[in-house]
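Each in structure tokens, the structures are laid out below.
Note that chain A is present in both complexes that follow, paired respectively with chain B and with chain C.
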Partner chain A sequence: MSRPDRREASQLRALNCSLGQLNRADGSTQFSAGNTSVVSGVYGPVEAKVYEEKLDRAVVEVKFRADIGAPTTKDKWVESAVRSTFEREILAHLHPRTLVQIVIQLREGDGSVDSAAINATTLALVDAGIPLKCMITAATCAVLFDDTTVVDPTQEEIDAARSTHTFAFASGSNDRGPLYVDSRGEFTMDEYSHCYDMCTLATERVLAFMRTAIEGKVTKEAKIGAA
Partner chain B sequence: MTMEIDEAPQKVGIAARIVTPGTAITNDPAFMRGHGTFSEHDTIYSSVAGVVERINKLVSVRPLKQRYSGEIGDIIVGRITEVASKRWRVDVNSRQDGVLLLSSINLPGGIQRRKSESDELQMRTFFAEGDLVFAEVQSYFADGALSLHTRSIQYGKLRNGTLVTAFPQLVPRSRSHFHTLPCGVDVVLGVNGYIWVSKHVSASKVEANAELIYSDKNEPISDDEREVIARVANCIQLLNRLYVKITDTSIIFAYEASLAHSVKDLLTNDVAVELAHNVMARLEQQA
Partner chain C sequence: MVAEIGPSNIESAFLLEALKKGTRVDGRGIYDYRTLKISCGPTYGLAEVQLGQTWVLARVSCEVTRPFPDRPTEGIVLFNTELSNMAGFGLESSRSSTQEVAISRMVERVIKQSRAIDAEALCILAGEKVWTVRIDVHFLDHGGNLIDAASIAAIAALRHFRRPDVTIDGEEAIIHDVRERNPVPLSIHHTPICVTFGFFGAAGDMLVLDPTLLEEQVQVSSFTITLNSHREICALNKAGGIPLSPAQIQRCTQVALAKVDEVNEKIQLALKASTA
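Up next is the complex of A and B:
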């Protein structure tokens, strides 16, 4: 069965990113997978308000805004997903009593929005120079009604799916297990395992893409800094 | 384009590698870990994206962009954000506000005067919220906040001018951060990226009026002086926009090149690029 955009079942959409576009944010990224496009800005570590500061670590705050409409509970879900994933991976104990604020703006949504948000946040944190334990990459899988499993589904495919699964992994160490899992719909354990494996492979490709982008930027800017 | 994904730690060839967070750098126990790294199970991993630097036994990763984090001895410009009990909180463009203790400032009326209780109750007569202060980093608090002091006649409250914000990386540390430019303008280059451009006031005049070091009143500034200050401020802004290092030399070069344009035009793209290239060419010639 062919996909509407003629991709293979395990094929990701074209990935694109640019780092450091927002000049007032400490770190920023524009990340897109096909038509799903996300801008992420990171501010921090900055001074935290007294009522929200933690004495031994930085506080991580996430704000997510959808492309249209006022904020809804769905946006809060994405915020909590991103926050819980990154709270443990940011080396927050290096910056006590500070705040790391992550702002994510969805520019265009065409499926797999939560994994795009997580990937964009990783790149923005790296651009800001905030210390991380690892690179966090995410991918989404959908099990369609005809029992095929596809990676990086578009909104059209998600609407026609029996279940969708988003996984986020830490780079380089799959024995840590996924950092984030979100499964919705009806599925069997076999389908779940199959999605897990497909997302593992997909995130490896996302990681390779991110590394290329970062290394390109570091090499280019090292020349400016040295001048 | 092939690209290696570094999974195994390497003992040799540590220098000049680009790494991303979570990359293992080495598991040789002889190395100590520096900034930008963390260790787990005897392996040193990178925590930021950047270039690996090795100095003798110290391995660190230098990221390209980070917020200004002060070092002891840095000369900075900050803005008072809060007046607290026996201290002021100062925005220094860093991760946390800096702290200026009441015991770290010069009290008016002679340097050797003892701090009195009435000084504690009148802290706003020294520095109030919104004031700009020129200070030096003395030490760190336990949570990493900077402790500042203004215990020298050249430090203290800033007046008669305008603030320009630049990237901290563009302000190199040097012997002197207070410059008087030939065009008759004083420039304070804060290492934290805050730069103060003001009307020139001679040092002797400052010393003669020791009582007025915390005055909020500006000197009279003529229209011509204002124009020169604005021109210098715009020059610094365009140097910042085009990533040119901001030193007294580069500001002077930019000022001289800018005289051909009106002050307003200096911030338009074409003029800014032309002037920045001009400055870079002269700096290279000089080197």
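Up next is the complex of A and C:
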């Protein structure tokens, strides 16, 4: 079995990110895995509109913009996926009557967009200093027609896949189960479990990558602060 | 929601004082652009422009559609600007958002109405099938002068874009997959580039090129001139503000002529870098 880009089945594409690129947003990240690339910006906590504010906690709002065309239901789906994943993991009760707005812009979609959006948003929230219960990392798996399972599929692989699965986990609590699951297509219980395991491993690697990225930024800021 | 907080009196006074001495707050000369970074690719039709703190993304795509009945031999060019909340638009009052709509209208006019794209070359079968070229411009960060950045990004993306090749056999058109046959570039007549000036002082006697967000908030008038590489004027825009003298407009035109050449050269370099 060989993948079009000669990766191993369990190999992620090259991850890349930079934090705090946007000047107007309170926190932001540019996150890419291979050709899939998203920018996530976080505003918050800011004043909420009167009709949407909640007395005991912050409201989380997510906007997802595709690179091509007007907003579609697919984009709305990603929005709701990201919102439902993060809503309960943001310590919203610390900022009552406010709004945390997450804006995700797709720069280029080459498969595994939803997991890239979740990963980028975690980093952007950290960059914005929004208190979180945990770090959330996501990975996507695809089961191809020859029964092989590949991690972080490209669009080409997704188009030729029998089923795709995206899992998001909270850091340090994999035994708690995934925060978010999105499975599409036809699959058996065994395939599902196999994807679950592969994504668990992949998210650990993503988490390690995020840690390095944040550490890099913190040390850089500390140096500037000391100088 | 959160109202846009304008600059404080001290900030604007400082800016004006400095300008009187011929300096700008960020240390630029009055006719200097901020650092302009253009990057194209990796996919066809993707261009990103960073003009100082302003960050704009343009994406060109195409699909086969039916032409408009009154123009059966012309392809369709769609233009869409996303006033993304990422640049902080959604958080401001509605007043400034009308201002942003003006920006997107301006860029659209420049690209579409100056007939930069050869619409007839987008025809596949007259009256039956044409290409619809779609330009999506996304504003990611707002550091002032969105118009110039957006026009540069749109032009770079259009020039970088390749559409699938088509062969016509009688009444049948075959659209070749990108892997099967090399995709072809769009036919572009000319490349209009916007150059924006901001005016300051009671009579608008001080001017700067490429105003930053702070300068935009303090300026008394702005003027956008759109030129192409053949040194032709494609569009002029002075939306309100204090009246300016014809001599000032002429001065702006002279400066803009030189700047457009520089920008075109940078676009050329970015296109070359992406194919190398």
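Details
We adopt the following convention: the second predicted complex is superposed on the first by the 225 of 227 C-alpha atoms of A that agree within 3 Å, B and C clash if a C-alpha of one lies under 4 Å from a C-alpha of the other, contacts with A are read in each partner's own complex, and residues count from 1 in each chain.
Keep this in mind: a residue touches a chain if its C-beta (ideal position, glycine included) is under 8 Å from a C-beta of that chain, and two chains touch if they have at least 3 such contacts.
As the structure is a prediction and not an experimental result, all values here were calculated from the model.
After superposition onto chain A, the modelled positions of chain B and chain C overlap sterically. Look at A:218: by the touch rule set out above, it reaches chain B but stays clear of chain C. By the touch criterion stated above, A:108 is placed in contact with chain C alone, chain B being left untouched. Of the two partner chains, both chain B and chain C are touched by A:47. In the superposition on chain A, contact of A:6 is made with neither chain B nor chain C. With both complexes superposed, B is the one of chain B and chain C in contact with more chain A residues. In the superposition on chain A, contact is made by A:210 with chain B only, not with chain C.
Once the two complexes are overlaid on the shared chain, A:134 sits against chain B while remaining clear of chain C. The clash between chain B and chain C in the superposition falls on 257-265, which is one of the stretches 23-31, 59-67, 149-157 or 257-265. On chain A, the patch touched by chain B and the patch touched by chain C overlap at residues 46-47. Interface residues of chain A facing chain C in the complex, by the touch rule stated above, are 21-25, 28, 35, 39, 41, 43, 46-47, 49, 63, 65, 67-70, 101, 103, 105, 107-108.
Residues of chain C touching chain A in their complex: 1-2, 42-43, 46, 48, 53, 55, 57, 59, 61, 80, 82, 84-88, 90-91, 134, 136, 138, 140-143. Residues 1, 3, 5, 7, 18, 20-24, 36, 38, 45, 47-51, 63-67, 95-97, 143-145, 169, 243 of chain B are the ones that touch chain A when the two sit in their complex. Those residues of chain A that touch chain B in the complex are listed here as 20, 26-27, 44-47, 55, 91, 95-98, 126-135, 170-173, 207-208, 210-212, 214-215, 217-219, 221-222, 224-225.
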